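Two complexes follow with chain A in common, the first pairing it with chain B and the second with chain C.
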Partner chain A sequence: MTNENQAVLDVQKIRKTYGRVEALREIDLRVAAGEFLTLLGASGSGKTTLLRIIAGFETPDSGRVSIRGADMTWASAAERQIGMVFQNYALFPHLTVLENVMFPLEMRRITRRAAADRARAALDSVHLGVFGDRYPRQLSGGQQQRVALARAIVFEPSLLLLDEPFSALDRRLRESMQQEVKQLQSSLGLTTIFITHDQEEALVMSDRIAVMGGGAIRQIGTPAEIYYHPNSISVATFVGESNIFEGVPKGRSFYAASGAHFSLAAPTDCNRMLIRPEAITLSRASVPADPREANVFAAQVLDRSFVGGFTVYRVRLAQGDEVSVRAIAREGAIFQPGETLQLTVAPADCRPLTDRSAA
Partner chain B sequence: MTGALVHLRGPRATGMLLTAPAAMLLLVLFFYPLATLFLTTLHPDNIENYARVVSSGTYMQVYLNTLRLAVIVTVIDLVIAYPLAFYMCRLTGGSRMVAFFLLLIPLWTSQLVRTYAWMVLLGRNGPINSALMALGLTDTPLRLSNSEFAVVIGMVHILLPYMVLPIYSSASKIDRSLLEASRGLGAGAFSTLTRVLIPLTIHGVLAGVSLVLVLSLGVFIMPALLGGGRVPVIPLLIEQQAGSFLNWAMAGTFCVILLAMVLVIFWLIKLSTRLLVRGRVHA
Partner chain C sequence: MLERRSRTRFLRRIGNVAHHIFSWVTFLFLLTPLLIVIPISFSGGSYLSFPPESYSTRWYETYFAQDSWIDATILSLQVGVVATVISVAVGFLFALGITRGLRKWGPALEKVALAPMIVPSIVYSVSMYSLFSRLGLVGNWFGIALAHAILCLPFVVIVLTASLREYDIDQETAAMGLGASRLTAIRRITIPQIRPSLLSAAFLAFITSFDELVVAMFLSGTFGTLPKKMFDNIRLQIDPTIAAVSVMEILMVILVMAVLMRLNRANVGRLS
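This part shows the complex of A and B:
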């Protein structure tokens, strides 16, 4: 992934300001061939700006964009051979579905006949083969989305960009489109950059996730790395649910401000720590435990909410910290508000947040 | 006049109801005199006027000249208005208001005043000639007014809003991302213009073209005051017959033939709309 020759996209030190707004501050990003990379971040974090600079619709104030080793910073969008799926699909209303998909091929001087054949094949691959003669407005949102996708991949682009493509779709359609895009992407080996503000979508689809905030990449890594080893509170709270403790580290111990003491798996000097709600176990039995293998606390249930497959409890430790716990909802093992329980968490699940520059 | 080009969407009945007052007004104030005029020309005493006009090389020449002038003005207005309309779409707030104001001023000013303004501007000692001489581009003043050139300039000016507004109306509905999509899919500026922009604005263009073409066939003041007698057009002949010779029947004959020309033009434009606009795209 860090091999120089393998990078399809290499973004170096990109800056962009709009008036006083620093939309991007020194972005570095490399995307390997065939990789599915997601830019994940809240609205206004600079995702679209970065994508538009990569696509050539916007020029950076400074920095470099290379595609397959060639400097493309100042190349026009037409020269870059990038397929883009716009948030509003941007299908040409005056062209039929088939003509929309043929458009990029005709721009490449491919004969009408060959273009039509390839466009039909692309429409087949998104299961829209029979809709070629319709106009975009005669299709549903999800179908228009597929046409946009077919149009973006039909010319075999070196890079596929998708800006929040599913945000307008309802949940079920979104999930099936996620599956479909992911399958298409891996079967074609398409190098893809995907934008979303939905962390679940990012976790499901990506090979790597770049978490953006305030115009910078806060952390980049595999979904598991981002989920289990977030480097900052902002990343931890953006991806998944979290319990954050502030306190003082001391070797393999962490003393929360409340006085609660946690054993860690490895020494640290971080003064913030994360415990995922599902890493915590609640039980009625008070099993004596070795503090090197488990952190054990007495905790009182404050309230609970049943969320189908699991139950979310809010509990208060004897030391005073409020903690959220996610437990599989087995019938008969449901705790009542007011109950006092034993709370256990393994040292390996107490994860120091390493990035002290960020909040 | 543009009734043929305006597609009323939604229930037909509502549309008819809403246009009823205007239709009544037109019927009484416009159609009735027109019909009377038409009937006069058909009177046995006057009917041979048609033959006289159609067989006269001179009169036919004037019709052709009127049409030629109208086409020139329309083409120039189209070339100016198309980019101007897109430029105005990109303006926001105050600058958009200023642009509209500048565009619409000619519509709010009397035609006579505008024509006199051009006479002054283009005159022998007018500011344009003074500027050209000051710059050393010419030694003697150019004869700018009393020429077809002056008439064309004046007509282009007064008719420009009729071209800009319909094009603006269709251009403003084009989503910016369509242009980016076009560029991103590999289209150059020219392909984007011919494959995306023009098809999406064709309704506006055709509406503007038909308005300007038809209006310029009927312009009287500009050829009369800026043409200096060198620009023969039908409205001048009509005025002459009606005003100087008091020959209403002959004036009516000219009118009817001009009207027939207008109808043919409308029909041609409608035909080309059908050819140029596939599907039922209202963009």
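This part shows the complex of A and C:
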């Protein structure tokens, strides 16, 4: 049972309904030792319910939750050895920072002196060693976050759960906390499940992402797989910006409803296709594009917005499709609204959406 | 423009003054009867009269000299403490049930818990008498304490449900996630944070029991609680002893409230 590759967490066929609402419908999920997995989804997608079932704060209607091979479906939260950081941190305001971090050790009947030593070490690891005697309200949001993190890891849990921990922080602080958490996680080899609705955060931090929607896992994979090979419109639009074309596949070709012809890298039978805005190139061409030629189109700029490092153009193809394009902004290479340009896209960047069940 | 501004200012000032006057009138209206008791209690005469013709401390001496007064006081304290302990213990569980878990029945339970406050005390006393006489609890101090505990329950439930609704339940959840049992989580995390409310609830419960008369009249036999003794005293002799007792009661309440405020301030200092 001490196989290195054994899943720390194994969730099988979990269902949960609240009244008539199906919060989770048959969730299967395995998380390997040391892995950083993100549950990404909008509110109401079921990610929080799943997290609470894993943590032991809710029980599933059916299915199984195993931790390190042991069935924990009906075990109490206390028995599961899971560290959790709550969205609002849930620090105990009547205890000092050190007492907060000592709490889980005390519950494990570790002597006060040993508990204090370990708690101090945990506080040091989040750079809060000198704040032990303060009360949580005397700390900033970011510092409270670190205390919550120290408290969640001090008892060496088999699993760390993070429930949207950065949502209350401002952007700059959030980015530095993301890095810090990620570093701590990989240096301690902590198996971690992270919940967020922020796709950027998910892409930055995760080893794997499970995109959730409507109580199910829509797709699970590495950030690159999710970004470059989304299986459905819902995943494609949730993660990153996207241009979706509906049409008819024919071997290695795809004919959009408007008549625009794309050639693909591989044959497909999907009738939806994705092109990421940054995969498209705009250029000023001397010769107008032949409407029958694949992947090269005449396009007119409708409007543009300058976003610093890049510019987002909304353009209309000669065939009528409206497309959003993200181009690196080089001074002098900025196109004007009304200008007619040539739009090209590589066959490899035309990505069929394989999952037809979920629109 | 200028004229309008000065008119607005003038009206606002009038409103302010009226508000102050109203507050002070209300304050005096509530407080005067209590203040009048003080000189009466130091009266030298043997009748209740205001203002007293002469002053003495003889009615305080009467109180401390008579065993019946002291016994009644001790009994009231005893009943009050037991009723407080029972009502706070039961009321806390009740409030926990109302604010969580019992999503469907919570609102109904809350109304039931408030019923003792709404039912006329004479009706409650008669029904308690008929029930307790069968159980052999009439003429027994514990019977009074039990009946009082139920009368105190609404105050406890109101205060504690309000406080538990404001309390962030994630903290209790977090404590359980960190290895505490539900009971430990409530004892170590929830109770310390709602301690000010628990203290106010206990205080309200104690006061409710300590000056309750009607139930005590029905359920006490030959002996009596302090309010019953005071009532009997008024009916039989009307001497200023009850004024002296009242003053001591007022002092007790002021003292307890001061202690509570002190405790709560110490808590607020750490929490907010």
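Please note the rule applied: the second predicted complex is superposed on the first by the 345 of 359 C-alpha atoms of A that agree within 3 Å, B and C clash if a C-alpha of one lies under 4 Å from a C-alpha of the other, contacts with A are read in each partner's own complex, and residues count from 1 in each chain.
Simple rule for what comes next: a residue touches a chain if its C-beta (ideal position, glycine included) is under 8 Å from a C-beta of that chain, and two chains touch if they have at least 3 such contacts.
Computed from a predicted model, the values in this text were never measured in an experiment.
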| item | value |
| --- | --- |
| Fit or clash - chain C, chain B, common chain A | clash |
| Touched partner set for A:90, first chain B, second chain C, both or neither | both |
| Partner chain(s) touched by A:228 [first = chain B, second = chain C, both, neither] | neither |
| Touching partner for A:255 - first (chain B), second (chain C), both, neither | neither |
| Partner chain in contact with A:310 - chain B first, chain C second, else both or neither | neither |
| Contacts of A:56 with chain B and chain C, given as first, second, both or neither | both |
| Touching both chain C and chain B, counted on chain A across the two superposed complexes | 55-57, 76-78, 82-84, 86, 88, 90-94, 103-104, 107-108, 135, 151, 155 |
| Chain A contact footprint on chain B (complex, rising order) | 175, 177-178, 180-188, 191, 195-196, 199-200, 278-279, 281, 283 |
| For the chain A and chain B complex, residues of the former touching the latter | 55-57, 76-78, 80-84, 86, 88, 90-94, 96, 103-104, 107-108, 135, 151, 155 |
| Residue ranges of chain C in contact with chain A within the complex | 168, 170-171, 173-181, 184, 188-189, 192-193, 270-272 |
| Chain C partner contacts - residues on chain A that touch it in the complex | 55-57, 76-78, 82-84, 86, 88, 90-94, 103-104, 107-108, 135, 137, 151-152, 155 |
